[in-house]
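Chain lettering (A, B, C, D and E) follows the sequence in which the chains are written, and residue indices restart at 1 in each chain.
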Amino acid sequence: QSENTLRLGVNLELTGRLAWYGDATLKGIKLAAKEVNAAGGIRGKRIELVVLDNRSENAEAALAAIRLAGRENVKTIIGPSTSGGVKASLAAGCGVPILVPSATADDLAPKGGADNEMFRICYTDTMQGKAIARFAVKKGIRTAAILTESSSDYSRGMSQVFAKTFKALGGTVTAQEYYASGETDFCTVLTKLKQQPFDALLLPGYYTEAALIIRQMHELGIKAVLLSGDAFDVPALDELVQSREYLSNIYFTDHYAPAGKEHSDFARSYHKAYGEQAPAYAALGYDCVKLFALAVQKTEGAATAEIAQQLAYTTDYSGVTGVITIDENHNALKAVHIIELQNGKRSEAAEIEPDNINQFTKNP
Amino acid sequence: MGGWAEQLINGLAVGAVYALIALGYTLVFGVLRLFNFAHCDVMMAGAYIGWLCAERLRLGLLPAAVAAAGVCALLGLVVERFGYRPLYGASGMPLMVVALGISLLLQYTAMLLFGAGARVYPFGYTGGVVRIGSVTLPASKLTALLLCVALTAGLELVLKYTRAGRAVRAVADDKTAARLCGIYENRAVSLAFVLGSALAGISGVVYGSMYLVSPLMGLTPGLKAFAASVIGGIGSIPGAVLGGLALGLAEALAGAAFGTATKDMVSFVLLIAFLLLRPGGIMNSKSGTGRV
Amino acid sequence: MHLLSCEGITKRYGGVTAVDGVSLSVEEYETLGIIGSNGAGKTTLFNILTGFDRPDSGTVTLRLNERELQVQGFGAFTFAHMGVGRTFQNLRLFEEMTVYENIRTAILSMKRTEIAAEELLKLLGLTEQAEMPVNKLPYGTRKKAELARALVCTCGVKKGCRLLFLDEPAAGLTTAEAYELALLLLRLKKQYGLTMVLIEHNMAFLEDLCSTLCAMDEGKIIAAGKPQEVFSAAVVRSAIFGE
Amino acid sequence: MLQETTQRLNRCRGELCSPTVYTQSQVIPRTRNARPYKKLWRADITAGIKDAAPCSIFSKCGCAMHRHYNNKGISEMKKIRLGVTKYILAAAAGLLLTMLLNRDAYAAAILSRMFIAAMMAAGLDLCVGLARQLSLGQAAFMAAGAYGCGTVALVVSERSLPGVAAGLTVGVAAASVTALAVGAVVLRLKGDYLAVATLGLGEIVRVVLENCAPLGGAAGLYHIPRFTTPELAFAAALLCGVFGLWFARSRNGVLCRAMGQDEIAAASIGINPMCMKLLAFTLGAAMTGLAGGLYAGLLGFISPKDFTFARSVDILAAVVIGGAGTTIGPMLAAMLIEALSALLQGVANIRMILYAVILIVVTIIKYTKGGRRRAPVKL
Amino acid sequence: MLKVQGLNVAYGQVKAVREVSLQLNRGETVALLGVNGAGKSTVLLALAGILKPESGKILYRCGDNYSGNKGNGIIRPRGKPHGIPAGQFDSTSGQWVDITTMGAQERVRLGIALVPEGRHVFPTATVRENLLVGAHIRGDNEVEADVERMYRLFPALYEKQRIPAMSLSGGQQQMLAIARALMSRPRLLLLDEPTMGLSPKLCEEVYRFIEKSSAEGLTVLVSGEDGRSLRQICSRALTVVNGALRT
C-alpha cells in the first residue's frame, strides 16, 4: 500500500498562540492534496498527509520534525509556519527537505548554501522590510516610528531591515519602542511614541496585539499611516479591531494580491471548500503541496534526495502566490505585494518585483 | 512634559485592572494558603461568558457581568469541590499542582470550545472615550477603577465585619479550631471560592471588553495580578488593590522612563524587591509569619 | 565567673516593650530560674539570649574558652556550636522524623558522632519510643525528645559553655513527672557540668531545682536572688502570685 | 512512688545545691568565692565524661558508632536506600532494552528528553523534596545551563568529547552561579513567598534573555552542534539520580532535610539554615543546568521561549506526582509525563486537556489514598 | 448531662482510648487526670467531636443553657445543625440524644465547647475577632456584652484586643482560647490542660472562674496535672491510665 502513497509531513501550529496561522496553512495544504489526489495523484501515487501539531512551541516543532522524518518516513515536511519553529526543525537535522510556507526570517537554515534542507517559497524579512520601506518613501513618508514585539524574531528582523532601508532612502526613524507578546495594554508605549511626531508607524507584529494597538492608537488620538508585514493578512485582524474607520491608512506587505489571475481558481475552490475567503497563509500552504507534487513528478523514484534536488531547480513556477524561483540559498525570489486597507476594504497598492527591491535607485 | 500626567493616569487605569484580578487571588490565598493559579482562567471563562452574552444574546454590560459572575461562581464551586477539597489534608504542593492542572484544563477546554483565536466584544460596548484635561481614557478603564474601589470596600466590609466573613478568616487560620467554634469549614472555604470566582468573572468581563478574549488571555494578567497581590500584602484586600495600582503605575512610569522593553521586568523586580525588603507587602500583612 | 551575661537588653514590638533594659548574668554550673506573669517577656529574653532574636539595644556576652565574646548579632546556629542548647515553649521538633532521628540529626549537625544516641535515649527514658515518629507522641514525651536534642548541643561541645535553656520544661507534666524531670535535670547537671536557665510557672519545680531565681514583670527584672527570697519579695507576690 | 521520687530529689538537692550569696539588683553580682562543689564538677567532667561513667552518652568506641550509624540510618532514608540498587538496576535494564529496541531518531529524541526531564526532576527534588524550598523558577536555571553550554558549543563548534565536556561544565557552572547569586537573595524568604519570588525570577531571566543581543535575543541561539544522544543523557540522568540519593544520605543531606522540616529547630541544633538552603538550591540548579546543557545539545536551537513558567510547572508536577523527597519517584514521574506527552501527540486538540486531567486525577489519587482525605487531627 | 459508654478511639493502629465509660452530671466539675500519654486529650477530642470513636456511645442531654452571670434563657444557635430534631434544643425536652456520630460543629451548637491542648487561637485575627468567632453559633444580641465579660475576666486581653493573636505571649493565648470557648455559652465545657503555661496568679483566676461558673450550672470536664488547686475545685476526679479509666 505504501507504494501507492507519498507521505507528506505537515508540522504546524495547530494549538497555542499561533494556531490561527497553522490552521490557515493546513487548510490550503489539505485543499491542494485533495486536488492532486483527485487528479489521479502523482504518477499514480496519492499524497498522504501526516499532520502533527507543534503547539506553537519550538521544541515541539523540532520533535515533530524528527518524528516525521525518523518514524513516519515522510518524503518532505511542510512547516512550521513561523521562523522559530522552522529554525528548531532545521536544527534537528532530520535529513528530509523542509518546505517553508511562510517563515520569513532571513537566516533560517543552519548553514545556508545549496545543500541545506530548507526550501522557502515566500520572501524574507529583508525583502519585505525593504519593500515596505521603499513603498513608504514612495508615498512621501519622511518620518517613521517603529513598534517591535520584543520576543518575536520576525518582528525584530523586519524592524531592523526597515530602519536601515528607510534611512538609506532618506527617511528618519523618530522612535523605536518595544512591546511583549501577550501584552494587552499599549497605552504606555503609545503615549511615549506620541511625544515625537511621525508620519507612519511600522508595526510588524501578530494580529492579536496589532488589533489592540490599532484600537488604542485611535483612542489616544494618534493618526498616522500604519505599515506592517505579512502577519497582517489575517481576517481576524479586521474583526478584532471592531471599527471600520480604524482600519484605514494601513499598508502591509503580503504574499499575494487578491486580484491575481492565477489565484482566482484557487480562491474559488477554497471558498467552496471552507466557505470563507482564502488568506495568504492558505495560499502558501497550497503552493507548497503543488511544488512538492511538481518536484516528485520530475523524479525517478521519489527518493528524498531527488525531491530536494528537484525543489532546488524550481524556476519560474507560477503558483497561486506568484512566480516562484528558488535561488542558490533555497529562498524564493518573489514579488512583494503591498496591500492597502481603507475603511476595512483591502486593495493592492503596489507590487514590487524582486529585482527592484534591491536596487535603491530604481523606483518600484 | 505632558506625557507624564498621561502616563500616570494610564498606569492607574491598568493598575485598576490588575487590582480587580488580584482581589480574587488574595481572597482564595487567604483561606487556603493556595496560590490559585486557576484564578486567571476562571477569569477567562468569565470573559467568554460575557462575550457570549454580549455578542450572541445582545445583552448589556451589566447583565453580562452578572451572568459571568454567576457562572464563574458555579465554576469556582465545582473546582473547589472536586479539585481542591480532596487535598486539604495534604501539604501545599499537591494543591498547587492541581491548581496548575485546572488552569491548563480550563485553557484548553476553552480552546476546544471557542477556538484558539481571539474574540472581541461588540464595538462601543463599553462606551467610548473619556477626556480628562489633555488625557484621553477609554471609559471602560474608568469603570474598572470605580468598580475596583467599590468591590474592595465591599469585600473588606464583608470579611471584617460580617459573621460569615470572620468565619472564612477563621478557617483560613486554623481549621480544627474553626470547627470547634461551630464553623462548617467546607462551607466557609466554598464561600471564599464562590466570592473569589465571582470576582474573577466580573474582572473577566471588564478585562475582556477592554481588550480581547482568548483562551490564553489569563496568563499575563494572571502573573501580574499575582505579583500585585504579593506587593500589596498577600491576604489583605486593600493590599491587593494598592498593589495593583502600584504595579500599574510602576510599569507605566518605568516604561516611560527606561524604555518599554523593561516594562515587563519591572513588575517582577518590584515583586522581588518587596518580598525582600518588606515581605508583608504595602499593607504589611502578617499571614504566614509567626513567633518562635 | 559568669558564663553568660547580658547588659541593658531592650526589645520592642510595635508599641509593646517586651523586654525593657534587662541585665543579668549566669554563673558557670548555676541553675537560674526565670519566673514572671504571662507576657512578662521571658520568652523574648530567651530568644535574644540564644540568638533567635536581635535586641533593639543591649549586649549579650558569652564566655567561651576563657574569652569574653559579644554575641548579640550572631545567628542562632552559632550559639549551638558554642554549646548553647535550648528548647521551645511551643515544641519545635522535626515532626516527620522519629525521636531517634531527631537526636541523630543533632549529633550529625554538631559533628559529634561519638555521642551514642542510644545512651542519651536511655538516659531520658525514651528507648521505647525511639522509633516512633515524634508527631504521634504525647506531649510529655515530645518534650523529653526536645530536651534530648538540646542536650546534644550542650553536652556535645568539646570546648564550649554547656548552657541549657529550657522554656517551660514542666508545663503539661503531672507533678510526679515534673519531679522526675527535675531529678533528671539534676543528674544531667551533675554528670555533664551543665549550666541551666529555665522559665517556669511551676514554683515547686523551680524551688527544687534552682540556685537562683529571677522574676520578671512587664519586661523588667523586678527581683532576683535565692528562690525563697524571691518568692517572699513583696513585688513578686503582687505581680506574679496576685496577692 | 511519688514519695520515693521526692525523697530522691531531696537527696540530690542536698548534694548539689549549695547556697550562694545574692544581692537584690538587676544585675546579679556573683561572689567570686570558690564554690564547694566546683572541684566536684571538674572531677566529674574529667572522670565522668572522658572515662567510662556508667551512664555516659559518650562511647569511646568509634567503630561501634559507625556500625551503629550504618545499621540505623534515618528511617526515611532507609526506605530509599533499600530501593536504590533495585531501582537503578531496573531503570538501567529497562532503558537499555528500550534503546536496543528503538533505534530511530524519534525514539532517540524522546528518550533523551525523558532523561533530561528526569534530571530536572531530580534537581528540583533536592530543592523541594529535601530542603522544602519551593522553587517555581527552575526554568531559569535550565536556561542558564542551556545558554552556557550552547555558547561554548557554538564557539568550539565541534562534537568532540572535550568540546562537549567543556560546554556541559560551563552550563552547570552558569546554572550554579545563577542559583548561588539568586539564592543568596531570595532564600531569605520562606514558603509561599519563596515560590513567588522564584516565579518572578524565572520571568526576569526570560525577559533578560529576550533582550540580550549577544545571546541571540528573542531569536535565540541556533547552529549549536547536536551532541546529545540518549546514551549521554542516560549517563547524566544516572549521575544525577545517584548523586541525589547519595546526597540525601550524606550528612549535609540529613541536615537539609531537618532544616526543611523546621528551620528554627534546625538553627537550635547548630544547622545554618541559609547555608543548607543555598546548598540544596545550588545543587538542584546544577543538575537542572546540566539538563539544560543537554537540552541545548539535543535541539541545537534554544530560545527564551523554551524556558517559560510552563516548563517550571512541568518539573514541579513531576516532583509532586512522583513523591517529593524520594529522588527516584520524581525522576520516574518526569519520564512518564514526557513519554505521555509524546504518546498523546496523535490527539493534538485534546492532548493538553488529557494531560491536565491526568495531572489532576493522579495528584488527587496519590495524595488522598489510604484514608488521608481529611487532615490528620493535630491539636 | 453526658453519658459515655465503652468509648474506643484509635489513631490508625494505636489504640489511644479503650472502653472508657463515664457520666457527668449537670453543674459538676470533674477532673480528668493521668500521666502524659495516658489519653486525656484523646478522650476530650472524641467528646468534642474532632475525633471519631471506633466504637462506643456518647449520649448527651441538653439541660438549661449555661447563661453566665446574666441568667438568660436558651440561646438558639445560628445555622441549622444537621440531624438534630428542633425540639431537642429545648431545656424542657430533657431527652438523651446520641451524639456519637455528630460533627464538632453540631456539638458546639448543642452546648459542648472544647479548649484544645496547645491553644489554637486564630493567629491572624485580632483578640476581639477571636472572641467574636467564638460566638459564631450565636444569633442573639448579647455577644458584645459577653465580650466585655471576657475582658473583665482576663484584663490582659482587654489591653491587647486589637492585636493579632499570634503576637500574644503563650499565656495570653491560653486565656484567649478559654475566653473564646466561653463565648459560645456552652453548657458543657471541656478544658484540656487549661493552666498549662499560665502563671500561678492566672491559674488561680481560671480555677476560681471555673468554680463560679459551675456554681451557676456549667458542667466542666478539665484535664490537667493533679495539683492541689485542681483537686480543690473538682467534685471528683477520673484517672486515665493507659487509655482506660482507673476505677
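In the analysis below, a contact is a pair of C-beta atoms (placed from the backbone, for glycine too) under 8 Å apart; a residue touches a chain by one contact, two chains touch by 3 or more.
The structure displayed is predicted, hence computed values, not measured ones.
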| item | value |
| --- | --- |
| Mutual neighbours - chains that touch chain A and chain B alike | D |
| Of C-D and B-D, whichever chain pair has more C-beta contact pairs | C-D |
| Between chain A and chain C, centroid-to-centroid distance (C-alpha), Å | 74 |
| Interchain centroid distance [CA atoms averaged], chain C/chain E, Å | 32 |
| Averaged-CA centre spacing for the pair chain E and chain D, given as whole angstrom | 44 |
| Sequence positions of chain B contacting 2 or more other chains | 108, 111, 176, 261, 264, 292 |
| For chain A, residues that touch 2 or more chains besides their own | 15, 150, 180 |
| Per-residue multi-chain contacts in chain D, two or more chains | 207, 211, 264, 349, 352, 377-379 |
| Residues on chain D engaged by chain C in the complex (per definition of touch) | 1-2, 5-6, 8-9, 12-13, 15-17, 19-20, 22-28, 30, 32, 35, 37-38, 41-42, 44-45, 48-49, 53, 55-60, 62, 65-66, 68-69, 72, 74-76, 251, 254-255, 257-258, 261-262, 264-273, 378 |
| Interfacial residue positions of chain B with respect to chain E in the complex | 163, 166-167, 169-170, 172-174, 176-184, 235, 286-287, 289-291 |
| Residues of chain C that touch chain D when the two form their complex | 1-2, 5, 7, 21-25, 27, 29-31, 50-52, 75-78, 80-81, 85-86, 88, 92-98, 100-101, 104-106, 108-110, 113-120, 122-123, 131, 135, 149-153, 155, 175-176, 179-180, 182-183, 186-187, 189-193, 208, 211-212, 214, 220-221, 223-226, 229, 233 |
| Complex interface listing, chain E residues touching chain B | 48-50, 77-79, 103-105, 108-109, 113-114, 116, 120-125, 129, 132-134, 136-137, 164, 166-167, 180-181, 184 |
| List of chain D residues in touch with chain B within their complex | 128, 134, 185-186, 188-193, 195-197, 199-201, 203-204, 207-208, 211, 264, 309, 313, 316-317, 319-321, 324, 349-350, 352-353, 355-357, 359-360, 363-364, 366-368, 372-379 |
